[in-house]
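Got some structures for you, see below.
Same chain, two partners: subunit A is paired with subunit B first, then with subunit C.
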Partner chain A sequence: MTDILLQALMLVADPRVLITALLAGTFGMFVGAMPGLTATMATALLVPMTFFMDPIPALAAIVSASGMAIFAGDIPGALLRIPGTPASAAYVEDSHRLAMKGKLNLALGTNLLVSCIGGLFGVAVLIAAAPMLAEFALRFTSYEYFWLAALGLSCAIFIASADPLKAGVALLIGLAMATVGLDPTTGVPRFTMGQVDLMAGVEFIPAMIGLFALAEVMRGVIRLNHGSRPPAMPRGDGALFKGVGGVIRRHPGNIARGSLLGALIGALPGAGADIAAWMSYAVSKRFSKTPEAYGTGHVEGLVDASAANNSAVGGAWIPALVFGIPGDSVTAIVIGVLYMKGMNPGPTVFIQNPQLIYAVFMIFILTTLMMVPLGWVAVKAARQVLRVPPRVLLPVVLSFCIVGAFAMTNSVFGIVVMLALGVLGWLLEENGFPVAPIILGLVLGGMFERMFMTSMIKSGGDLGAFFDRPIAATLGVAVLLIWGLAILGAVRRMLAPAGRPLQKAGHSKN
Partner chain B sequence: MKLTDALSGVALILLGLFMLWQAAQFPVFAGQPYGAALLPRILAAGFVIGGALLVLRDIAARRLAGGPIVAFADELRRPAGWAAMAAVLGNVLAQVLLGPHLGYLPVSVAGLLVLFLVLRLPLLKAAGLAVGTTALCWWLFAVLLRVPLPRGLLEGIV
Partner chain C sequence: MTDFTNSTRRGLLRGAAALAGASLLPQLAWAADYPSRPLTMIVPWGAGGGTDATARMISALLERKLGQPVNVVNRTGGAGVVGHSAIATAPADGYTLGVVTVEIAMMHHMGLTELTSADYTPLGLMNADSPAVTVSSDAGFADIGALTEAVKASEPGTFKASGTGQGGIWHLALVGWLKSLGLAADHVTWVPSEGSAPAMQDLIAGGIDIVTVSLAETKAMVDAGRAVNLALMSTERASSHPDLPTLTEGGGSNFALATWRGIAGPRDLPPEIGSTIATALSEIAVDPEFTEFMASRGFNISYLEPEAHGQMMQDADAQMADAMTAAGLIQG
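Here is the complex of A and B:
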C-alpha cells in the first residue's frame, strides 16, 4: 500500500503535472467566470490538448479546470447578478445582494473557502466510499430518478416563496420549454414550429444568459437613460477573507450538510453540481431559523450551496471511476479521456492500476487547495469591473452575452434563444415572477419527463409502482409532503382575513 | 412594463389552451397509451389553473384597491428609455439577421457604436470602445476558444 502511495506521489510531484494543473486551473477560472461558458465546456476544450499528454497531466488538467470553473461561476453572479454557470444560479440573488450591501468580499470569500472545503469533502467521500456509494447509486431505477427530479423541482417552492403561485407558474414555464424538441420516448417533434434548430430542444445556457444577463442589461440601460444610475455597488470592503472565518464558524452544520448532499447527488449518474446546488439551497432555507432572509443577501444559503456544488464535482467521479458510468457531463468527457489513456474505468482499474487511481485522488486534493490562491487572484482581477462606469460596462457585457450564446450552438440560434428568453425574463421580473425556477424547470425537465414516461410505460400506468421500492417510496413521500404542505399553506393564506393576501396581489415585485 | 396579474393570468390561460391544441395533434401509437402528449397536457392544465388563480386573485384585490390594467415603469415613460432598450435589442437582432451575411466584426462594431452613443458617450470614445470590445470578444472567442463566429464579408481576411 505504501509503495502504491509513493508511486502515486511520484507521478503527481512531476513539475509538468503541477504546471499543467496551474495553467488548466487558470483557464477554468476564465471560462467559468464568463457568462455562458460552463465547466463542461472548459473540460471539452481541454480534450484535444490532452491527446498530447501523459495520463496524469491530462487528468490533472481536467480536474483542475472543472473545479475552478464551478467556483468561478460565482464571480459574475455576485458582481453583475449574472451567474457564470447553472450551478451558481441557485444563490445568485443572495450573493449579488450581499455585494450591493458592500459585502462583495464576504460573499466571494465565503464562496471560495466553502467551495474548497466542499471540494475536499467530495474527494474524501470519493476516496473512502467510492465502491459502496457507486453500488447504492446503481440501485436507482427510473422510479427513484423520477422522484429525485421531482424533489429537485420542488425546490422552487422553497427558493422563491415570496409568491408561491408565481414561482409555480415560472417553474411550469421552464418545464414547458423543456418539452420543446423531440419527445424522449416516441421521437415525435413537439412545439418546434417546423424549425430544425428546435428539434434538439431549448439550450439552457443561452436561456440562462437571456433570463439573467440580457434582462439585467435591459434594465440597466433603461435606468441609465432615465438619468437614474443603476444602484452602485460599494467598492472597498477590506481583505477578501475578512469575516469569512466567522461565517464558517457559525455555520459548520451547513457546510457539512451541503457537502454531504453534494457528494451524494453528484454520485448519482445523470445528476450533478447544478441539481446539488439547488437542492442544498432549498434544504438550507427549509431548516434555517431565518428563512425569510434568503434571497435578500443572506450568507447561510450561499454556504450550503457553495459547499454542495464543489462537493458534487468529486462525487460525480465515483460512478465514473468505479463503473465507467458518467455522474455528470464533465465525467462523461473524463471517461473518454480515461479510455484514450488506457485506464479503462471499472472495478478492475483499482486492481490493475491502483497507483493511477491514487494519483487521481492526490490531484483532486492538490487542485482543490490550489483553488484558494487562484480564486483570490481571480476575484481581485474581477473586482476591477466595479471601476468601469455602467454606460461602458453594460454594452461590453451585452457583447459577451451575444458571443457566449453563439458559442453554445455555434450558430445564431443560440442568440435567438437568448433574445427570446431575455425579453421574457425582463417582462416576468417586471411583473413579480421569479426567473430562477424557469432555469430549474429547464435543467430538470428532460430528466423528469424521461423518467416519468419510462416508469409509466414499465408499470403500465400503475401509479402504485412509483412507491413499490423503498428508496422511491421515501423520496415520493417527501415530495408529496412538500407539495401537500405548500398547498395547505396557500389555502390557509387565501382563507385568512382579507388584508394579508390582497396586499401581495396585483403589481407585486419581489 | 407592468401588467396586472389578471392580464398575465389570461395570457397563461391562452398559453395553456395553445399547448392543449398542439398536444391534441401529436400522433398516438397503437399499444402505447402514454405518449408525447402526456406531459404537455399536464403542464397545460397547470397553466390554465395557475392563470385562473391569478385572475381571481387580482379581481379580488382590484375590487378593493383599483388601479390601471397596464402600467409603464417611470423609466419607460420617456423616449430615452425606449431608445436604450431598442438599441440593446437591435444589437442582438442585428447579429441574428445581419451577422451571418456581413460577419460578426462589422455588425458588432456598428451595433456597439450606436448603443454607446444612445448611452450618451462622446463619439470618439464610443468608436474606440466599440472597436476595442469587438476585438477583445473576437480574440477571446474566435481566436483562443475557436468559436466559429461568422466571418461574412471578411471571409479569408480574418
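Here is the complex of A and C:
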C-alpha cells in the first residue's frame, strides 16, 4: 500500500505534471470566467493536447481545468450578474446583490474558499467510497431518474422569488422550449418548422447567455441612453478573504450539507455540477431560518451551492472510474481520454493500475488547493472590469456573448437563440418574472420527459411502477411531500388575507 | 514544458482560425497549393463518444500528413441530421470534411432529411463494428441458445431491450435478430435510450434485459463482471473477442449487421483534392498509432478506398431500407 502511494507520489511530483496542472488551471480559470464558456468546453479544448501527453499530465490537465472553470463561473456572476457556467446560475442573484452592497470580496472570497472545501470533500468521498457509491448509483433506472428530475423541477418552486406563480410561468416556458426538437422516444420532429437547426432543440448554453447576459446588456444600454448612472458597485471592502472565516464558522452545517449533496448528485450518471448547485440551493433555502433573505444578497445559499458544485466535480469521477459510465459531460470526455491512455475504466483499473488511480486522487487534492491562489489572482484581475466605463464594457460583454453562443454549437443558430432569448428574458424581467426557472426547465425538461416515457414503455403504461422499486418509492414520496407542503402553504396564504381585514376592522373600532 | 505552452497557444489559435475560416475567408483555395489553411472536421455526434474519439485521432494524424491544423467540430443533435447536413452543405473546397456514419443510410428513409450518401464525396471508410447480444450477469443466461429459447417461449413484451433511440442502428439490430428467429419485430419491447452508456446502466440496474450495442460499448461493464456478451451479430468472430461465438454458431440465426464510420466531404469535391485526402487516409488506416488506438477502444478497423466506400454506402442504403420496412419503421 505505502509502495503504491509512494509510486503515485513520484508520478505527481514530476515538474512536468505540476506545470501542466498550473497551465491548464489558468486556462480553466479563463474559460470559466467567460460567460457561456463552460467547464465541459474547457475540457473538450484540452483533449487534442492530451493526445501528446503521458497519462498523468493529461489527466492532471483535465482535472485542473474543469475544477477551476466551475469556480471561475462565480466571478462574472458576482460582478455582472452573468453566470460564467450553468453551475453558477443558481445563486447568481445572491452573489451579485452582495457585490452591489459592497460585499464583492465577501461573496467571491466565500465562493472561493467554500469551493475549495467542497472540492476537497468531493475528493475525500471519491477516495473513500468510490466503489460503494458507484454501486448505489448503478441501481438508478429510469424510474429513479424520473423522480430525481421531478425533485429538481420542484426545486424551482423554492428557488422562485417572492411570487411562485410567476416562477411557475417561467418554468413552464422553459419546459415548453425543452420540447422543441426530435421527440426523445419516437424520433419525430416537434416544433421544428422544417428547420434542421431546431431539430437539435434549444441549446441551453446560448439560452442561458441570452437570458442572463444579453438581457443585462440591454438594461445597461437603456440606462446609458437615459443618461442615468448605472447603480455603481461600491469600492472594495478590504482584503479578499476578510470576513470569510466568520461566514465559514457560522455555516459549517451548510458546507457539509452542500458538499455531501454535491458528491451524491455528481456520482449519479448524467447529473452534474449544474443540478447539484440548484438542488442544494433549494435544500438550503428550505431548511434555513431566514428563507425570505434568499435571492436578496444572502450568503447562506451561496455557501451551500458553491460547496455542492465543486464537490460534484469529484463525485462525477466515481461512476466514470468504477464503471466507465460518465457522471457528467466532463467525465464523458475523460473516459475517452482514459481509453486512449490505456487506462480502461472499470473495477479492474483499481487492480491493474492502482498507482495511476492514486495519482489522480493526489492531483485532485493538489489542484483543489491550487484553486485558492489562482482564484485570488483571477478575482483581483476581474475586479478591473469594474473600472471600465459601461460604454466600453457593454460592447465587450456583447461580443463575448456572441462568441460563447457560437462556440457551443459551432453554428450561427446559437447566436439566433441567444438573441431571441435575450429579448424574451429582458421582457420577462421587466415584468417581474424570474428567468432562472426557464434555465432549469430547459436543463431538466428533456430528462424529465425521456425518463417518464422510457418508464411507461417499460411498465406497459402502469403508473404504479413508479413506486415499485425501493429507491424510486422513497424519492417519489419525497416529491409528493414537497408538493403537498407547497399546496398546503398556498392554501394557507389564500386563507390569510381573508382573516387580516377583519383584524384591521377590529383595530379601527378601538 | 515549452511543448505545452506552445500547444496551449496553438489550441487558441486553432479556435480563432476555425471561426475565421468558417465565415470570413473568401473561396480563394486552389487545388495546387491545397491545403493552404486549416481544415475543419465535422463530427455529427457528441464529444467523448466513439465517433468523436475516432475523428479526433484521425484528425491528429491527418494534421501531421497534410501539414495544416485539422479542427474537430462537434455538430450534434437531431439524431445526427444536424451534423450530416453541415458536412453536405459546406463549400466543396476540401477545407470542410466530416465523419459520415451509418445513420446516413437510415435517416432519409424515416423522413428526417433529404440527404443520402449521394450528397457526399466518399474519401475512405475507416471502421465497421458489429453489435453483440449482451445481458446482465445476474440474468443467468449461460449462452445465446438459452436466451433465444427464453425469448421464444416468452409472452410478447416480456423482454425489454435498449441501446439507442427508436429506429437507431442498434434497434434495427434487435429487430433483424428477432425477425431471423421468426418472431414479430416488437416481440421484445424496445426502450429508447440516449445512447449505449445509459442503456448499459439500465441493464445493470435491472430496468431492461438485453442490450444490442457494439462490443466496445459493453467493454467496461463486461470487464467489471456485471454484464456478459452472449453472441456477435456478424458472419465471423471479432479479432478482439476470439472466444465470442457469432449468432450463426450458437443462436440458430444468420443475422449480421454493422455500424460504420467513414470520412467524406461535400458532393463534387475537386478530384485532386479528394485524392490527396484519400491517400493520407489510406496511410492512416495502417499507421500503428491509429491501429493501436482503435484496438485499445475495441474498435474494428475496416478500411475501404473511396470508390468501394461509396459503393458500400449505396448497398447499405438498400439493406437498411429493407430492414426498416421489416421493422415497421417506414410507413407507406
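Brief remarks on what is shown
Simple rule for what comes next: the second predicted complex is superposed on the first by the 495 of 510 C-alpha atoms of A that agree within 3 Å, B and C clash if a C-alpha of one lies under 4 Å from a C-alpha of the other, contacts with A are read in each partner's own complex, and residues count from 1 in each chain.
One rule holds in what follows: a contact is a pair of C-beta atoms (placed from the backbone, for glycine too) under 8 Å apart; a residue touches a chain by one contact, two chains touch by 3 or more.
This is a predicted model, so every value here is computed, not measured.
Once the two complexes are laid over each other on the shared chain, residue contacts for A:T186 go to subunit B and to subunit C alike.
Of the two partner chains, subunit B and subunit C are each touched by A:L45.
In the superposed pair of complexes, A:F406 makes contact with subunit B and with subunit C alike. Of the two partner chains placed by superposition, only subunit C is touched by A:Y339; subunit B is not. Look at A:M100: by the touch rule set out above, it reaches neither subunit B nor subunit C. By the touch criterion stated above, A:P395 is placed in contact with subunit B alone, subunit C being left untouched. When the two complexes are overlaid on their common chain A, residue A:A473 makes contact with neither subunit B nor subunit C. In the superposition on chain A, A:A124 makes contact with neither subunit B nor subunit C. By the touch criterion stated above, A:I325 is placed in contact with subunit C alone, subunit B being left untouched.
Overlap of the subunit B and subunit C contact sets on subunit A: residues 45, 185-186, 403, 406-407, 410, 453, 457. By the touch criterion given at the top, residues 34, 37, 45, 165-166, 168-169, 172, 175-176, 179, 183, 185-186, 188, 190-191, 214, 217-218, 221-226, 228, 391-392, 394-396, 398-400, 402-404, 406-407, 410, 412, 415-416, 418-419, 422-423, 427, 430-433, 449, 452-453, 456-457, 461, 498, 501-502, 505-508 of subunit A touch subunit B in their complex. Listed in rising order, the residues of subunit A touching subunit C in the complex are 15-16, 19-20, 23, 27, 40, 44-49, 51-53, 57, 138-143, 181-182, 184-187, 189, 196-197, 199-201, 269-270, 322-326, 329, 332-336, 339-340, 342, 344-348, 403, 406-407, 409-411, 450, 453-454, 457-458, 460.
Within the complex formed with subunit A, the subunit B residues making contact are 1-5, 8, 12, 15, 19, 22-23, 26-27, 29, 32-36, 38-40, 43, 46-47, 50-51, 53-54, 57-58, 60-62, 64-65, 67, 71, 73-76, 78, 80-81, 83-85, 87-89, 91-93, 95-96, 99-100, 104, 108, 112, 115-116, 118-121, 129, 133-134, 137, 140-141, 145-150.
Subunit C makes touch with subunit A in their complex at residues 1, 3-5, 7-8, 11, 14-15, 18-19, 22, 46-49, 52-53, 56-57, 59-60, 72-79, 81-82, 85-86, 110, 112-113, 157, 160, 165-167, 189-194, 197-198, 200-202, 204-208, 219-221, 223-226, 293, 296-297.
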